[in-house]
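Residue numbering begins at 1 within each chain, and the chains themselves are lettered A, B, C and D in the order written.
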Amino acid sequence: MNFASDNVYGIHPKVLAAIDAANKGTSASYGYDDYSKRAEDKLSEVFGKEVRAYLVTTGTAANGLALSALTPSYGAVLTHAEAHACVDECNSPEMFTGGAKIIGLHGIEGKITPAVIEKTLKGFIRGEHDPKPAALSITNSTELGRVYTPADIKALSAVVKARKMKFHTDGARFANAVAALDVKPAEITWKSGIDVMSFGGTKNGGMLLEAVVFFDTDLAEDFLYRRMRGGQLVSKSRYLGAQMLAYLEGNLWLDNARIANGHAKRLAEALKTSNRIRLPLPTDANEVFAVLPKVLHDKLQAAGAHYYDWMPDTLGPGGIKDDEIFVRFVLSYATPPKDVERFVGLIKELSST
Amino acid sequence: MNFASDNVYGIHPKVLAAIDAANKGTSASYGYDDYSKRAEDKLSEVFGKEVRAYLVTTGTAANGLALSALTPSYGAVLTHAEAHACVDECNSPEMFTGGAKIIGLHGIEGKITPAVIEKTLKGFIRGEHDPKPAALSITNSTELGRVYTPADIKALSAVVKARKMKFHTDGARFANAVAALDVKPAEITWKSGIDVMSFGGTKNGGMLLEAVVFFDTDLAEDFLYRRMRGGQLVSKSRYLGAQMLAYLEGNLWLDNARIANGHAKRLAEALKTSNRIRLPLPTDANEVFAVLPKVLHDKLQAAGAHYYDWMPDTLGPGGIKDDEIFVRFVLSYATPPKDVERFVGLIKELSST
Amino acid sequence: MNFASDNVYGIHPKVLAAIDAANKGTSASYGYDDYSKRAEDKLSEVFGKEVRAYLVTTGTAANGLALSALTPSYGAVLTHAEAHACVDECNSPEMFTGGAKIIGLHGIEGKITPAVIEKTLKGFIRGEHDPKPAALSITNSTELGRVYTPADIKALSAVVKARKMKFHTDGARFANAVAALDVKPAEITWKSGIDVMSFGGTKNGGMLLEAVVFFDTDLAEDFLYRRMRGGQLVSKSRYLGAQMLAYLEGNLWLDNARIANGHAKRLAEALKTSNRIRLPLPTDANEVFAVLPKVLHDKLQAAGAHYYDWMPDTLGPGGIKDDEIFVRFVLSYATPPKDVERFVGLIKELSST
Amino acid sequence: MNFASDNVYGIHPKVLAAIDAANKGTSASYGYDDYSKRAEDKLSEVFGKEVRAYLVTTGTAANGLALSALTPSYGAVLTHAEAHACVDECNSPEMFTGGAKIIGLHGIEGKITPAVIEKTLKGFIRGEHDPKPAALSITNSTELGRVYTPADIKALSAVVKARKMKFHTDGARFANAVAALDVKPAEITWKSGIDVMSFGGTKNGGMLLEAVVFFDTDLAEDFLYRRMRGGQLVSKSRYLGAQMLAYLEGNLWLDNARIANGHAKRLAEALKTSNRIRLPLPTDANEVFAVLPKVLHDKLQAAGAHYYDWMPDTLGPGGIKDDEIFVRFVLSYATPPKDVERFVGLIKELSST
């Protein structure tokens, strides 16, 4: 019962088969291969718009490189206080952007609101003594399992575009957001104001399956240089292209995400049935957050359930009691359904004791 | 007949099989998986010394990260003027090192000599107005197809260690050097003064198969932070570990390199037989450099031979005539022998006309 | 009545006279002049310990350069949320440190406490996904007019040294702290655990009078390179040395600070007499913070009082009402006493109406 | 007889008097004072064009900040191989530009030629594996005492503008160039294609008297942020503004430069009369370069002449013999004429022995 992360699971068979199929003959290298070109075309098709897409090897690099195209070194990037780019990437965004300031905002129920951004920007009253507000970065689905709707994103976009800021989405779990909202990918990206995104597939069936996708293609000028300088230009690039093609082909990415989201829903509902457990956040996508009694937590662990405890900061003051623990469960398309069922059974059993 | 680069060929079947074999069940992520650990152990065995090894995704990142552990931001790194880190990585070493200066030295027959380094360091007479000499980086085998012998490396080491500088090897084609010299890997690394290396396998059968290997393990302190900050910590790290294990297992890496070097020798000898062609550099490893009449070059291209022309700077003034061209052929273990033979035949045929 | 900042006033006559006196004959340049050397010696005398002192031109550069000697690019520096290095220097600390993360902590009554640091460090649970905790930087006297006592500093030092972190003081208004506490400079620096400081005199009588002073002289290794790289090595350095010497000579620096602190006390007491004004923070040094009714504020401005309004964040939720304003008054040795008295009179007059 | 550098001399009395005169009352700080504004206006007048001018404290910072507005982090800046920005500023340009590559070109008689630039740019054939050619920076007058004429600059501009590169002048000794050529300042700057310059006055009578001057004012967008981030925004900025005003007032800057250039000419002519001394470079401005027999050099030193020996690289192979030395003499408006005459006498005396 491994719910620690969606990255503990492997490569989807179709993605692996695509790597295998690409492994014949010679191919142009360093991004000039046909697979990479076709992956870009396919992403354009998926988003219903001509995009520029650059394959890279990690989500961290995708975020850092994308932000480097949006902020100068003297700029500020606003993120959620628990965003990956804010607290999970060492000082990688600072490296890629040449020292921009990443400012973590407190969200309401795990999401940034226009009001929070406006309040923050009002504090930028020191002229050049402050960094220049350059970009907003949201994660969709968020690190707290929430999903930004098209309306959410448009409202955020209105605030940042009024300040001539750019808008980025970290899509490490983008498929889960699209599947949860049942919208077209365009609806929660460029049609709502997103300029560039980190399109992640590694967590959802890839091996190293990440791309920086530009909807505002003017911003992609010189991005080839940025990727190279970032140490992210892979010589045998055909294998990144092949992964992306297999991932998008026949909507594999969305099928996987729907399975993962379904598992999460099943698990969340089971947790809700227990009066010893609280779910402080809605389960929009494939992550479930819960407050458990520590004794229950110990029993679950003993029974073989793997998951991480989480910083309770987002719950605000008095969020958890001393004998409680705040935890996160992540579900994958590859999570064995029997593991979900076993866990559901455990919850029932242990909650009643 | 593709002699453009060794990276135009694919993944060795054994390496691909290892990726496939690793694709079952769950695994710890972000470098804490068993495969990564075993890859480090295996590298220790290969080098006959306990090393610290960190898997990354590109040779460019391996170089930049390795150098970042050797030079402060106010330091200087000496390299050959045609070293990858000097002229083929955009400003990536500058990014990873926080702005260190990469100084390209002219080599003698494609190799840096102690005398050149001493002359360069003698020019550092401005105190803090100069950067601090921090490291020497050599490529072995070199970008010009030469190989540094243990004696070469020891001589260089003596010069740089006397200045308290560190010593790095870019081993993008390290296997070719080991195979060419028929030495133990330790002989041209730590036993001759190398502190850290970029151990590359991508060109020689891998998919993304690169590691930063520390022989001076004190220098590896905090390298986990550096790799993470560098955007090079892969979530599904088991697949990098599995590649490295397969690559080293049963000396696959050296077997591949021997084949590639053999192809290069065969091709070089054929070229030498033509009185219309000059080979200005010895063919030590798997790269062959030649000066051809342009008319011959055109015929070879027309006959389907792919290879790159090269900057003739290394040949010095008057190196090539107006009707000549300086070119590079790279051979791989995967280059079809029939392609080599066909090219050899072409040379004979075209040289006699 | 200019209480906007202590930097709106000029150069103290003795400091200016020293510049004038230094202006004869030739002198070694770029920091190798006698004045710079003697300034270092004098600082050693002032601190009762052999220090390494490097003259620079701005407090921002002093902070950035000092921090660059304490944190790697993948490190984190903890500061107060309103520290100059956190919110008033654009992304300068990020530039000098190569991208370290500056983390602003909430203080209690304007000062960081050991408990806040411990809580923050407890959140660093992600291994290399977090930056490495590298240094704590406090400002003494603080940006909120408070002073850290020797006991305060020792308590903070205990926490950070236990984590092998380094300890920096931004002393832009250091003289005011020393004067307020009536201690020897050593007491609130190296004897309490400070490793390096930004020693500022510009606000207290200098023209460009700033130094980075190392108490832990091992940390100063290579600082000559850092200063040069930072664009802070002045060619005609004798004029910086001469300023520092004049500033320290005969305790001019402390005499000035005592006058400024006295003015602040006088002003604070006058404000306290009004039942329409609240002073949410003690007036330890030369800055006074007050909450005023907006109508009173308007009258003061109309009467010719210059001062800045301030972010009320430090006051916590509900800190000020809609019809109130939070403001800062800064006093200088050069503030004309009649301006202080006139303002005191205004307060009495306007408060009673 | 101090000919070591023009920065060994002090502040011109008029500049010092201006500092003194500015030292009354309060003034806006951080660049918003009247002196800074008037200095910008005066520079516009001097250049016959509305410029944006930003006062900073060192020439190194001026260069780094100016270049940061011209090159992205993945760009390349071409300079002369002996340019200050290339070899005398540690890695400062790399810091300010976020890691751009500074490429030193060999000049012909101390000056870069269009042909050298074209040859260099022809080597940029690797696409994004090379940095992006972003800017050319020349020093006028050069570090080798030469002067670029309007025609020289226009010819260089044609080459770089054709590549969409920007054009910078390091004007650490700009006054000497203007005086030597007897042209209007506009002729060797914006009218010949210069986009931005480092306007230096410290060597020619200032204390800290440096400005970044934008002729292409669009490039100045956000420069306030760059200066602040660079640690170069001085709080008591009025004293920088006052220096600049005094320096430009009544053409003090050009008068000083003419005196310095005249001294240099006198000294060069004396050296030429000796058949034991060679002057490998014309003496265009205030620097004289000479090849002396070491025995003569020793005698000059013994007689009290101070000057630096210089790297003979610029002289090409076989430039100096083993018993010779290559040296530089720098003359200032403040060099006592009797020192010049004494040296001239020494040369005569020693050459005839």
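The rule is short, and it goes like this: a contact is a pair of C-beta atoms (placed from the backbone, for glycine too) under 8 Å apart; a residue touches a chain by one contact, two chains touch by 3 or more.
If you're wondering where the values come from, they're calculated on a predicted model, not measured in any experiment.
Chains that touch both chain A and chain B: C, D. The chain with its C-alpha centre at the largest distance from the centre of chain D is A. Centre-to-centre separation between chain B and chain D, using Cα means, comes to 41 Å.
Centroids of chain B and chain C (each the mean of its C-alpha atoms) stand 51 Å apart.
Chain contacts: chain A has residues 30, 73-74, 89-91, 95, 98-99, 128-129, 131, 225, 228-229, 233 touching two or more partner chains. The touching residues of chain D, counted against chain B in their complex, run 73-76, 87-91, 94-95, 98-102, 123, 125-126, 128-131, 311, 313. Of all the residues in chain D, the ones that touch chain A in their complex are 30, 68, 72-74, 98-99, 127-129, 131-132, 222, 224-229, 233. Those residues of chain C lying in contact with chain D across their complex are 2, 5, 7-11, 16, 19-20, 22-30, 56-61, 64-65, 89-92, 95-96, 202-203, 206-208, 225, 228-236, 239.
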